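As written, the chains take the letters A, B, C, D and E, and residue 1 is the first residue of each chain.
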């Protein structure tokens, strides 16, 4: 299949949205666009499997290359491997759910959906790019819609949050840019092409400079400690779909970048800085978890827990074993689905109760069994219940991390393991407080989820269960991609069993 | 003779237009709308003829030289002038000295053409003055406004001062090398202290015209006080022209001492970005704001220039092309608003999107382009500048440049925030925009979106440099 | 010490002293006159250097043109005899310091530099030579700059007319 | 001692910085203009000197001087026009009164 | 070996019940959900019994050894070469035994709940949760992979959480379910890390391979695992101890037992199923599953198991003597009995007669499941009748609840170890094993045994004898139809039958540490002392509680310190609260949040503010004075000149 469709389709949808006259039309057009994206993602998945089954073992499938800026050696080079397919699936899931839960947006509907779809385009483009320039291009495309989504449709101190988010993310991408330029000029062929670069040897001095630049740059996107502070503010101020996209998709851009760009093309750098990465990620995991315990606002809870969960992504990458890398991809997808669902539920609750303070809620299970059940599911997924995706991802990361006999990594793994207790504590506190206990008087007349909300939740739950119950297909999908990354790393990684 | 005509075609056409306007002025009695239309058509023709009958060569013993690249640069400036004639139509129509204004502007343009084509220091100096003195007069064209005359005064005095310094530098160079020809100069440059000193004196003139920190101080005041058309002329056309000659002078004439100027440019580039950004942060007046932001932009241009390679030239030219569209779009919107409401304060822009979606979108597009956000062309422009600059391998320099993009993003977003997010009790009412202005804004918007995505524009420039 | 040397030093003294006085005197009219003397001194140096043509141009354009223009503008804008406002002492000191540093720097470089004199045959700066080159378009011709300057003067003229000759004095403020 | 290149260069440089000093300290716009004229004249002197003593084979310096004089005239004219206009709007040609725009 | 893949149906049927009732129950099966779930479970039970029959009597034994059969195995998640989570079924004596126990008890509870939960709002949800639990528990039992067991381990945890919190509008229930989940979760982290350690050294997650590799003395895996050490303890021991911590959490061993008494907030049938008969013995099961490794490769870890078990048994028994909530008494009794099972394992050795403890532990697990379920269901009948859990609201109920009374009595006798009831036989074996191997534990066990019969009969007499308290139940209970009808009584009777007769099963014949048949030997002389002690306990209880009197108060006053401490559960809850609230919450979480808000975020904000501040500071450069601009110009020029001429050549 032609994977540029993944970019063209959202683009087309966005253009059509601009031409629409009223809000209803806009909604349906975006719904249709999102559905088509969803279908397309599945088509991609199945054709990917088919290709692989037919014995196509090339690193990237469906490769396409058009020259763009030949003088800089920049080209539209697209292609997917299992990791990208996984991320594309995630995006498609989150997009359709995001469109569904935003059904009630009344303020500037057209612009809202336009930005949502634009954001999805950025994400798809990012995940299929094999040219680092294009990748960077799409990375930045995805930033400004977020700014506007938060700033216009957000709540609370939205302007502050929007600014903070945009500036920190742009700061991250500035570092990425410098790193990319360093790589571009240090390789023997000046190229942005990922595949070309992966075949070249990048001098170690460059790696030592550029790896941290790239890793921290992408790390800002994925809430690397201590650059995570945009996460709580950004998420809490964003409108529901905004938070979903932010946490579900855009934080994953960073993780994907750390893995696919930083680690893949600069394995020596990765190895050199592994301890620091692990340290930071463990700090993020525990620190995020403990900070979550103190939060009172639901969105803050989820945002801080995202910091903690995304720490696992980084941990998995930092551990540099095949299993841990697979785990980290799984964690990205899992966290994307889960946190999107969590934000969707928070949005639903907020729309009804008009509060996000956990302490002001109680007993919602009685009036909103569906929403509360979803809340339970998402909470359980977050705390890593088997059968849901979070468990699979975390366990894979732990198993992968543990493969190092080195004590430092062992200790890091154990500390990371401990976070699942803390997670259980804050998730249960929040979930039980909200949905259990006596029903408050002011909530006597609340209604349960509407069709669109139910559909959105069910789609995301389906994704969570698909990974949680049957992880093997996912593992098979991601594993060859991780294998290739490992082949680049393993010759120089010492001490991995 | 024919050769002279074709080689000097751009200058001759401009001269022709100047004299045509002069005769019309003497004849008098034409309505200003018709007049403006005529001028716009003439400028469009000028722009179009820039594409045809281009040839390369030297005239007057190398005093005048032209290449395809120079023709392109001139054409970029012609395009800018054409857009200016469209964008500020309402201001022109109100002004009673429209013809004089255009005569002056075209003289300045002629000066810039000669500047680009100059082949020795004398031509360079004269062209620079021709490109400056009329602009100072133009800055005073809001005759009744105090700020306008203040701006004109600041401009003429400081540029005279800078010319003095420039001339002193030229005289030293002349004394040390015995030549003023660009082709001979590199043969005699050996980097002796006196030459470096002379070069610095010369360099500061460029720095002054380009508003490079610390020679930038006049910029903001002049931009703020001048009529908006002049401000945009200064910030786009002048800056573009001077950048073009600056880069070719550095690369060709001062190539023997490139280590000196590389370091110098690095320092000044960082200074310009930082200071420009820091000042832009706190500006309320939109013109003044753009002035400081353009200082920061110059810092970026310097990054590209520092690369000392063909990529450097093409990325700079490409950036200027994009910069013309972006900055003119921003000025166009600002002018549309200020000419109808007199509001130039950023706070007045609050809630603009509710009443003027078209203007807001163009403005935001322009700001995004200036900030370097994809998919606008500014992204590519800035990125290529940085890429060109990075070829020297100075990570610190590039990192500082890249981080400065964040500060600049902050203040560009401030306007975006005002336009889209903040509430206003009395937003600016619906503004009627001239058809021509609307057309020009649309062209700008299209340019902002397309130039980046259509990669052949860059490749074309690259093929010339 | 020959007579020409004495004349030179006299001219130098005239130029510098009146130049200095022109920037420090507090009576504006005197400043203009000192400027005039200084310019004449420079013209004298041109004569001394045997560049008669340029000396003549100097006297005609500067003394006959620019200084008159300046005096004219002084009459327009200033009540004669009024003392010029004094600049702050700090500014004066700092300016003097900066100027002196610049002077020292430039002089140091000039003195340390050995100018390599050309050995080619000199061209006499006669009026005929100058005129031929001024309008020549081939080697050593300066026709193009001449044209450029003419356009510049035209533009300056138009600019001056528009700015200085305001048509609606009632809007004056 | 026969006066030569360095003597005249000294004169011109000193004159240049006298002009610069004047430009820095004079508050009256017309006197500032006069300082500019001093600066330009010092440059002219430079050109002529170099032409005479160092590069007599061509007349580049001399022509430079001629053109600088022309430019100086044009510049002065425009500057004076502007100053006069400023005087009309501000009722003063003190530079300290024309600093409405700052920061 | 015949095709026994149908075993997969045993857990899947309850899962089906969960899914059907969970998704459609509220809409379509409002009233019939109980029947559906029970019917599905009945099939499971029959299949389980059929399997047990087939395994024990037909194909299980080859050459005198019961085989570990793996009829089904799918790779579920491949981590690396050789290390994968497999979803499989292992069939060996203990799993078959557990299959029977779990399905049977669960079936009883299902039937019982038809009456007990009748009319409840969330009837379908209740059965759905029961289905989920049964599925998870069965999955846990038949796990062939240590990670698989962890998965189901977590799932039983969550179903327990859901069922404890079933009455979700009761704040105490909410608190209890949270507590149960978090405490067991904490222990599970230990389990998880233990798995990581074991899997790393054995390079497999498969039980069979793991046990084989870690028990073969010449294998490299074992050598590595023993050689690597941390804090002077070998990695293998660490791994096993951590795994045991997981088991201890689930099995409510001291000091991780605090969740169990609170878990009684759930519906009583749930307590019977989960917190008495099945889930809480998962820890014992886990240790039994890994018993060869414990026993052969790390006796230290095993003795830790023994001591923890013994301490838990004693402490729980002491606390049970002082509690007044009948379900809490039963909860502590459960803890105490599990302690028995645990230390029975701890004192056992691998193979032959020395492995008696293992057999005894499993035997006790089996009998305990029956009589403890019976006790809970009986207590449930009482509570159902009285609508209270407190002993002081009860008394003299034997007249009102005759069947319950009889069955309860049987259960009490069983737990007290009075022959010939089931508990007698299993406890006897445990004591014997302890006597043979570890005298300390033996004495502790003996005392506990006396205490057990005391508190059980204290309970029994308080409920069924003494003065009736009409005020407490006449008011709203007299209209309730007696003992809850057939559906509630049938399980009681069946279980009572089991409690009375299960002891005669020759358990060693089926289950032993090395899976070779063990001949049952009965030591009459040895059993005198525990039985005597038990009877003494009964008599004291009768003396104190049969008639209403003030002896208990006196007695309590006499031993005030101990009594008070025991009544307050030895303040363990308070210690936990101190640690969680004061230390973790106030000393870690709060400072973390503060740090984040003020330092990390503050730094980011300060960058922004600082930039603004600087921009405000330097604004004077742009003074509007053109002369100043020119000075800057010149100064800039001069500095650049100095820099490039003299400094940076």
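In this text, contacts are C-beta pairs under 8 Å (C-beta built on N, C-alpha and C of every residue); 3 or more make two chains touch, one makes a residue touch a chain.
Note that this is a predicted model, so its numbers are computed, not measured.
By raw count of C-beta pairs in contact, what's the busiest chain pair here?
Highest contact count among chain pairs: C-D.
Which chain wins if you rank chains by how close their C-alpha centre is to the centre of all protein C-alpha atoms?
Chain closest to the assembly's C-alpha mean: A.
Compute the centre of every chain as the mean of its C-alpha atoms, then state which one is farthest from the centre of chain B.
Greatest centre separation from chain B goes to chain E.
Centre to centre, using CA atoms, which chain is the farthest one from chain D?
E
State, to the nearest whole Å, the distance from the C-alpha centre of chain B to the C-alpha centre of chain D.
Each chain's C-alpha centroid was found; their separation is 27 Å.
In whole angstrom, what separates the CA-based centres of chain A and chain E?
About 36 Å separates the centre of chain A from that of chain E.
Nearest whole angstrom, what separates the Cα centre of chain B from the Cα centre of chain C?
So the centroids are 31 Å from each other.
Need the CA-centroid distance for the pair chain C / chain D, whole Å please.
5
Specify, in ascending order, the residues of chain E that touch 2 or more different other chains.
608, 619, 622, 624, 626-627, 630-631, 634-635, 637, 641, 645
Would you pick out the residues of chain A that each touch at least 2 other chains?
167, in rising order.
Which parts of chain B, given as residue numbers and ranges, touch two or more other chains?
122, 126, 129, 133, 136-137, 140, 143-144, 152-154, 157, 161, 172, 175, 178, 193, 197, 220-221, 282, 410
Following the definition at the start, I'd like every touching pair of chains, please.
Chain pairs that touch: A-B, A-E, B-C, B-D, B-E, C-D, C-E, D-E.
Of all residues in chain C, which touch chain B in the complex?
105-106, 109-110, 112-113, 115-116, 118, 137-145, 148-149, 151-152, 154-156, 158-163, 166-167, 171-173
Would you mind writing out the residues of chain A in touch with chain E in their complex?
164, 167-168, 225-226, 228-230, 287, 290-291, 293-295, 321-323, 363, 365-366, 369, 380, 383-387, 391-392, 395-396, 398-400, 402-403, 405, 413-414, 417-418, 420-421, 424-425, 428-429, 432, 435-439, 470-472, 475, 479, 497
Show which residues of chain B lie in contact with chain D when the two form their complex.
Listed in rising order, the residues are 121-122, 125-126, 129, 133, 136-137, 140, 143-147, 149-154, 156-157, 160-161, 163-164, 167-168, 170-172, 174-175, 178-180, 220-221, 224-225, 282, 288.
Contact residues on chain E for chain B in the complex?
608, 611-612, 614-616, 618-619, 621-622, 624, 626, 628-630, 632-633, 635-637, 640-641, 643-645, 648
Taking the complex as given, what residues does chain E use to touch chain A?
Per the stated touch rule, the residues are 26, 75-80, 83, 85, 147, 150-152, 154-155, 158, 165, 168-169, 171, 173-174, 177-178, 181-182, 185-186, 189, 192-193, 196-197, 199-200, 585, 588-590, 592-593, 596, 600-601, 603-604, 608.
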